[in-house]
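Look for subunit A in each of the two complexes below; its partner is subunit B in the first and subunit C in the second.
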Partner chain A sequence: MPDYAKTKKPDVKLVILGDMNVGKTSLLHRYMERTFKDTISTVGGAFFLKQWGPYNISIWDTAGREQFHGLGSMYCRGAAAVILTYDVTKWQSLVELENRFVSLTDTANSDCIFAIVGNKADLTDTRAFAVEPEENGTEEKEQGPRASSSPAAPPKGHKQVSREDAVALYSRILQYKLLAEETCLPAERMCFETSAKTGYNVDLLFETLFSMVLPSIRRKEAQSDSPTVDLEECREVKGAKPGCCT
Partner chain B sequence: MSVKAFELVPAVERDLLMGDKARINIECIECCGKHLYVGTNDCFIHHFLLEEHTTPKGKLAFSAQKLLHKYLGLKKPVNELKAASALERLIVLCDNSVTVVDMVNLEPVSSGGARIKGVVSFCLNENPVNGDPFCVELGVIATKRRTVQIYMVYEDRVQLFKEVSTPEQPCAVCLDGYFLCLALSTQYMILNYSTGASQDLFPYDSEEKKPIVKRIGREEFLLAAPGGLGMFATAEGVSQRAPVNWSESVLGAAVCFPYVLALDEGFVTVHSMLDQQLKQTLSFRDGHILQDFEGKVVLASTKGVYVLVPLPLERQIQDLLTGHRVEEALTLAEGARRNIPKDKFQIMHRRILQQAGFIQFGQLQFLEAKEHFRKGQLDVRELISLYPLLLPSTSSFTRCHPPLHEFADLNQLAQGDPEKVQRCKLFLISYLREARSTEGANGCREDVDTALLKLYAEASHESLLDLLASENACLLADSAPWLEKHHKYFALGLLYRYNSQDDAALQLWVKVVNGDLQDSTRADLFDYIVDFLSFCPNLDLVWKYAEWALQRDQKVGVQIFTRRAVSDDQTDQMNPDAIIEYLHKYQQATVLYLEHLVLERRLQKEKFHTHLAVLYLDKVLGLLSQSPTLTQEVTEAREQLQNLLKESNLYRVQLLLGKLQESELLLERATLHGKLEEHDKALHILVHQLKDFPAAEAYCLWASASRNQEHRQRLFHLLLGVYLDSDAPGDEHTVAAVDLLNRHAGMFDATQVLCLLPEGWSLQLLRPFLSGALRGAMHARRTSQVALGLARSENLLLKHDRLKYRGGPVVVSEKKGCQLCHNTFTEPDCVCLPGGVPVHTHCAAQRARDSPRKRQSTNPSNHT
Partner chain C sequence: MDEEQQDREQPETVRCSHPESDCSPDATDSLDAAAAAAAISSHDPSLSDRDCGTEGPFPGKSAGIKIISSTNGPVEPDLQGPGGEGPSERTANHSEVSVGEVNGRSRPEGAEDEEDRPEDVSDSASTDNTLEDSSEFVVTVLTRASLEDQADGPSSEPSGLSQTPPPSNQDEDVTAESWRQHRKHVFVLSEAGKPIYSRYGNEEALSSTMGVMMALVSFVQTGDNTIRSIYSDEHTVVFMQQGPLVLVSVSCSRQSEQQLRAELLYVYNQIVSMLTQASINRIFERKKNYDLRRLLAGSEKILDGLLNLVDSDPSFLLSAVHCLPLASALRDSLSQILQKAITPNLVFSILIAKQQLLTIVQEKTVIEDARLEPADLHLLLNLIGASSAFQAGEIWTPICLPLFNPDCYFYAYISYLDPPDCTVCLLLLSTDKEAFYAVAECKRRIDEGMRAQNALSSIAKAHSYSASQVGVPDLRHFMYKPFDVPDNHRQLTQFTSPEMEAPYSSEEERSRLLDLYRYMHSRIHSSSRPLKLIYHVAERETLLAWVTGKFELYTCFSPLVTKASAINAITKLLRWIKKEEDRLFIRSPPKYSTTPNPSKSSRGSKGASDRPDGSDNGFLSLL
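Then we have the complex of A and B:
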């Protein structure tokens, strides 16, 4: 049976939330297509399927616009991981996470993991700005302007949100979820600063999350271990190792 | 971005419905097979028969025939119509009540019993949980506040089954299994009417904008969402597909897999459920109703009815492929998997994959193309046939029709760009190699291998030889001219060989070696041919080409024979005698061959040994007769001869001796005499003629090498005798004799020597010999003394043992019994067992006769 990623049911769901314009679509685009290109403000939502070893992970890009806010809960239903995204140059985008988006995750799995991501780090952080351009032969696919091809002007954006602010938000989220901080993943591992433009930390973000949700996939699989044999499902779970296909 | 997925075809024209009555509007429609029902605002139901036909121009058209119309007598609009075809009933909502009428005559069934009052809206469960085929399940929004009811409709009655209350006023409903999907005034929700469990979906202001709730499949619904979105939601409240983007003014939606259609004020939009993209927009003014009925999408304005006819999937896919939209085409095809019978799908899918592959091939996206070819199980010949002249002329292949691609051939595809052509060829090489190693070449191996051979030859690819040397199906007739054209004569020879035409192969190769043909594939082609002949089982061929090979180079050519296994069979053409006979013209080759037989194979045959010795000798004599003599070569040749004469015992000595008699080859003669045990003659030659004393000594050692000490002593004495021979006295002989004695003291019997030596020799002269002899004698004496001592001590030990075993005196008396038979002794004769136990002589003899094992077991005490 040939494999059609498009017709396969995803094994696990990951959702990206955040105010409009923080760069959710750009992040996903950077990760999936390895480029940064012009986006239009997302309408409703969109999703991508990512093959991660033997697993299919669906990643939902949501619309940050107020108008679509009501759909958030539905997207989050059954999610194994939620990426809460803000813009490091906009304090309000972090505030909005707390005001509007955290409550949407009530419908996510009880063991859902949270990542707080400050995007556009290239505007404030020299390290994120000077990321090496990728050399994996995807040049043909590129349509938009390239991060590295822009004239090298040092970052001059004003950083409005510090990492500490994000860490503090992370603990407040755990409080909100009535989770004891010690039993959860530590904030240092769950707060990221990224740049969709240069690719800074983008792979790290997604791949860290994928490897963290793997247990969740395994559990789901164990639960659905019915006596009926699924002939189409012929994956080798034993040798499964994340990160082998992109 | 557009595809033509649907075509708008008029079904019922205005005048057929309402003539010129301007105020009459269509309110609702129902379509069931060919039957179309239209409800109007003047309380009529119209029943049409809709026939599909094709116009002479090949267009699809409908002709509607009005069967009946019926006035319901309420002066209210007919709000909804739903057919229950299994019951042959039409369910009608008019004036807030549901009635059930006969599908054919539109007459109400049974009075009163089949009626539901107080209904705002209703829906039919298309996926009912109860399995009764003669019962239809209705979900009803009642006029009663915040209530949804479930009714069962039978042929002639209606029965309330369940009533559930909702948190808010519902305004649209859809039913699937136990799941009610409801639009409430501020949100959508899913309600399980069996368990009462509910699941909020998302907020929506139904007061402000008309909600849409549309079942699209098992437990999945399509809902109008804020911002003009079409949201998908499952009964669990999860969205499995990304939303589609409608306009804010969307009025209605329908599904016709894989498309979602939506109607707004000016357009019908078509989105794909597979990639959520907008695929088609049809302009349509005054749209009023858009609904799908068992796959048929019906669109109505207030005055007329139209059908949106989906274009055949294949056609849509072909359109996409024509536009090079490979991904979309594949998505569409794969999305339709479930809607098409499996074998039909597979054929279609394969073809699309192949076409997709060719599109990508045309764009030189080889990786993607290969993947699609592989998945589509492309007949490799389709690809090969793109490359001019690669397919064998005998190939039965014809390209698939209709064609899979638009290219005539590679040149057209590459538009004369040689670099592109080159890349395409490299791709084909890798593709064919893979096809060979998998099932891909099944059924057309000849075509594949021949094509690969041609590609390799053209590119001077190193794998050409590997291909020909391994199992292959290259067609000779087709490949040969190609290989010739590219001067791959060596390869062509291999191909001939593979086709069991060794003679043709050899002819070709010989021409290359002779320089008649040019092919630099193998610099060592001559060696290759010789090697080939040395294994060639066809002896006629071997004889045929051996001549040429020997003429070219005897040294290499003779390997044809030397590498062959030696046959002893005299009837075999390849027996050594026959070969030597054959080789006689080629002296060098003969020598090499004999050397091979005698020295390497160690064949013990007098004939060969003699022959070789004679040839060696002839060579030496030949060299010697030249002037000036080539010292170096003479030395080498003589060494060869001497070695053979010394090592071999098989050649005919007399014959050689005869040949040597006249020559000055004294050393050889001495050796020959040695072989005849004529040592005195030999030594005489060495000492008197050759005057080579070291050679004389070496002779003694050689001639006695495998013999005993005495023989050696005899030879040395002989030599000494020759030195001391008074007939030919001379100082040098005396010196030689002294040296011999002094150097080989151990080889002589000193006493004999002393008798022989002339009186006058000084002791000092013979000091080394004498002291050596003395030392030898001393050594011998001491050694024998040691041996004597050791023998004595051994003897003593034995004696000691004997005494020990004998012990003290043996007392025998009449009272004492024999240990073996326990009888008393009557005579003094007795035998003592070890330990001094006396027994009867006859008992001891008896015991000795018994087997040792038996003896041990009968008398274990004897061990001690």
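Then we have the complex of A and C:
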């Protein structure tokens, strides 16, 4: 076995799943690089390390294409959080989450947390549309539409997926995971509507999740004496988690 | 037509010597001007006559063509395009459709091996002048069919795709004149006639055009023949069937059929690199009318990018890899850094800068069993180019190397060593799907090694060279592909070429020069009459191409150069290359061993067709 580097060992793993073209790469790019730029459909998966305070959080941006479906469970192995992303203007993208992506999370940690994220809110929602990119679209800024800040036309996209649909999916996922809703994080906190384009709710999404997985990091630290955490250990966790075979 | 006419009007002199004649391999190492000049002139009279006099518009054509079907009848019955009543009435005033035959061509495997062999195309189905009308007709059919499509609206058949493709070529209006005027269209369809890919315009809007193409293909097939190409004044239409896929190139680039076919093969292999041949075949065995776009959705940009590269990068034409010139000591130390950072099941470590190869280190068993073909590397580089949008991350993706083994996946780790510039790219290939963290760890060590030697700044200083460095006044540009660099040819075919500088700095001029090279290449590799040496006086430059047993060389001179001085210049150029060889090429790709029990294959790897089949290859069974 090669000796693992002592530096930058990821403490915790987060995975972004969802159909192709829903904006997974754009969301991560917005969060990490603070910009929105043209993307190319992801091949396989892309691994990023985000330094968050003293922690190294590893984030997998996966390809939504069916072609790479077989890899999904590998990317999810040992994940502490999964972001299930859909496009608010495409009903099918929510359906695909349930059809193709939820089952991939079987390899995630047993206490994995789930977030359901409807992206491209700028197309349907004036609030998301009007957020000024420079202000990084933090959630508190609920300023009214500012004609001057956005040269494009106001949103007139048809919203195909409502927040209620996402909330309903969230509880179906908990059922699938055999988790009692009362003991889990409430749907209101775990369903987001974002815009990678304007930055709307993007920081909120990632930082909420980071702060939620912190306990998982602390527990790992307590468990292990060594300063490094072996990600392979997650494989053992697999057998112990509640069974949810399909 | 322009170029050909130009050849005849301006007394272009094409001199050539026949295969196996004067330019024998042994004469070349110590080439001197006199010998070369003799080689040329001794063949002047007869060959230049043949060359210039009798040739029709299509260099690949020969007397041995088999015309298997003629008259305007045969095309009609099967030409019911899905879009409407079929174009049959349009054929009425046209004369002949002739289609060449190649028996046994439908074998999916093996076919790709054969493509590069000149003799393979000797029965190529060119048509002759009488076909202008009918081939025009096909082109007309193709465009008319698309018009009908528009009228009907896009195919009503539900596709599995919920997304609209990102704005690109796909959004083009297929009824517009500008759509027809593209230099080279490429279409991919399934045997059932389902559209899979179109370079320009949305495949769905083109479904009846593709239906017509498939009708042509299957009509000819009913006679146990294979349609290969159709020529018109303007266009060359080349068909290629690979397993359940049919690829069609409609080009007015005046490239040879052989070249267009090689390009289609790149397209097919890029698709295989994403899906593997085995799974493509399996999918269509199960469901003949499967919509492959379900699996390829999102890959259009990769294919678009490939076709742009094929048009602009001579590596594809030459089937060779372009190395970045580098002091051999630096290249060796980079190789050593890669050699030290290994993990089980790692098979290739590749370092790339500015889209050119810096070094490549291979697993020992891989070298013994098979080699990395330049084409596989090209497909790999194209994939990297197309997936580098978000460069800070480390990519882990399955990829198949179609020539190495069309049925297996490797897992590619792709990462840039110099963010945020992202010019130096590390590519590590493993056979283990789960090896990401171990492979990423190799990258950390490579990073460290590079930092310790300050290698990144040395790499940053490396750059391509200028033709003027050769010190030959009239030499503007060249491409040199050696067959004799010790050790390396068998393992990795390379070529070297200076920057394209003035007068070839503009996009147009560059592509004009490439077109000239393609023309020279098609003459050199002509299936009917391969040439060893061509001296070609074009309008604004003079070109000389020469192939021997030891190298293939294309040179471009200013128009005023004389034949004698061009020969003289080539002598100097070859000397210069010899002197710079260590810097220009990877001499012998270093190796490492990462498989615990490398099982040696019984087959040697001498031949060009050493392709692993997985079953008797120890390390491939790990896949």
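Convention: the second predicted complex is superposed on the first by the 201 of 246 C-alpha atoms of A that agree within 3 Å, B and C clash if a C-alpha of one lies under 4 Å from a C-alpha of the other, contacts with A are read in each partner's own complex, and residues count from 1 in each chain.
One rule holds in what follows: contacts are C-beta pairs under 8 Å (C-beta built on N, C-alpha and C of every residue); 3 or more make two chains touch, one makes a residue touch a chain.
Model, not experiment: these values are computed from the prediction.
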Of the partners subunit B and subunit C, which touch A:Lys24 in the superposed model: first, second, both, neither? neither
Quick one: classify A:Lys197 as touching subunit B (first), subunit C (second), both or neither. neither
Practice problem: Check whether A:Phe47 is in contact with subunit B, with subunit C, with both or with neither, and answer first, second, both or neither. | Solution: both
Going by the contact rule set out at the top, does A:Gly78 touch subunit B (first), subunit C (second), both, or neither? first
Partner chain in contact with A:Lys120 - subunit B first, subunit C second, else both or neither
neither
Note to self: For A:Gln67 in the superposed arrangement: first (subunit B), second (subunit C), both or neither?
What the structure shows: both
Just checking: does A:Arg34 make contact with subunit B only, subunit C only, both, or neither of them? Give me first, second, both or neither.
neither
Of the two partners subunit B and subunit C, more of subunit A gets touched by chain C
In subunit A, both subunit B and subunit C touch residues 2, 4, 43-47, 63, 65, 67-68, 70-71, 74
Residue set of subunit B touching subunit A in the complex reads 187, 200-204, 225-227, 229, 231, 233, 236-239, 241-243, 245, 274, 276, 331, 334-335, 337, 375
Counting only contacts in the complex, subunit A reaches subunit C at residues 2, 4-5, 19-21, 25, 28-29, 32-33, 37-48, 61, 63-68, 70-71, 74, 90, 92-93, 96, 231-232
Subunit B partner, complex, touching residues on subunit A are 2, 4, 6-7, 43-47, 60, 63, 65, 67-68, 70-71, 73-75, 77-78, 107
Within the complex, subunit A is touched by subunit C residues 162-163, 166, 274-275, 294-299, 301-302, 343, 383, 386-390, 392-398, 412, 433-434, 436-438, 440-442, 444-445
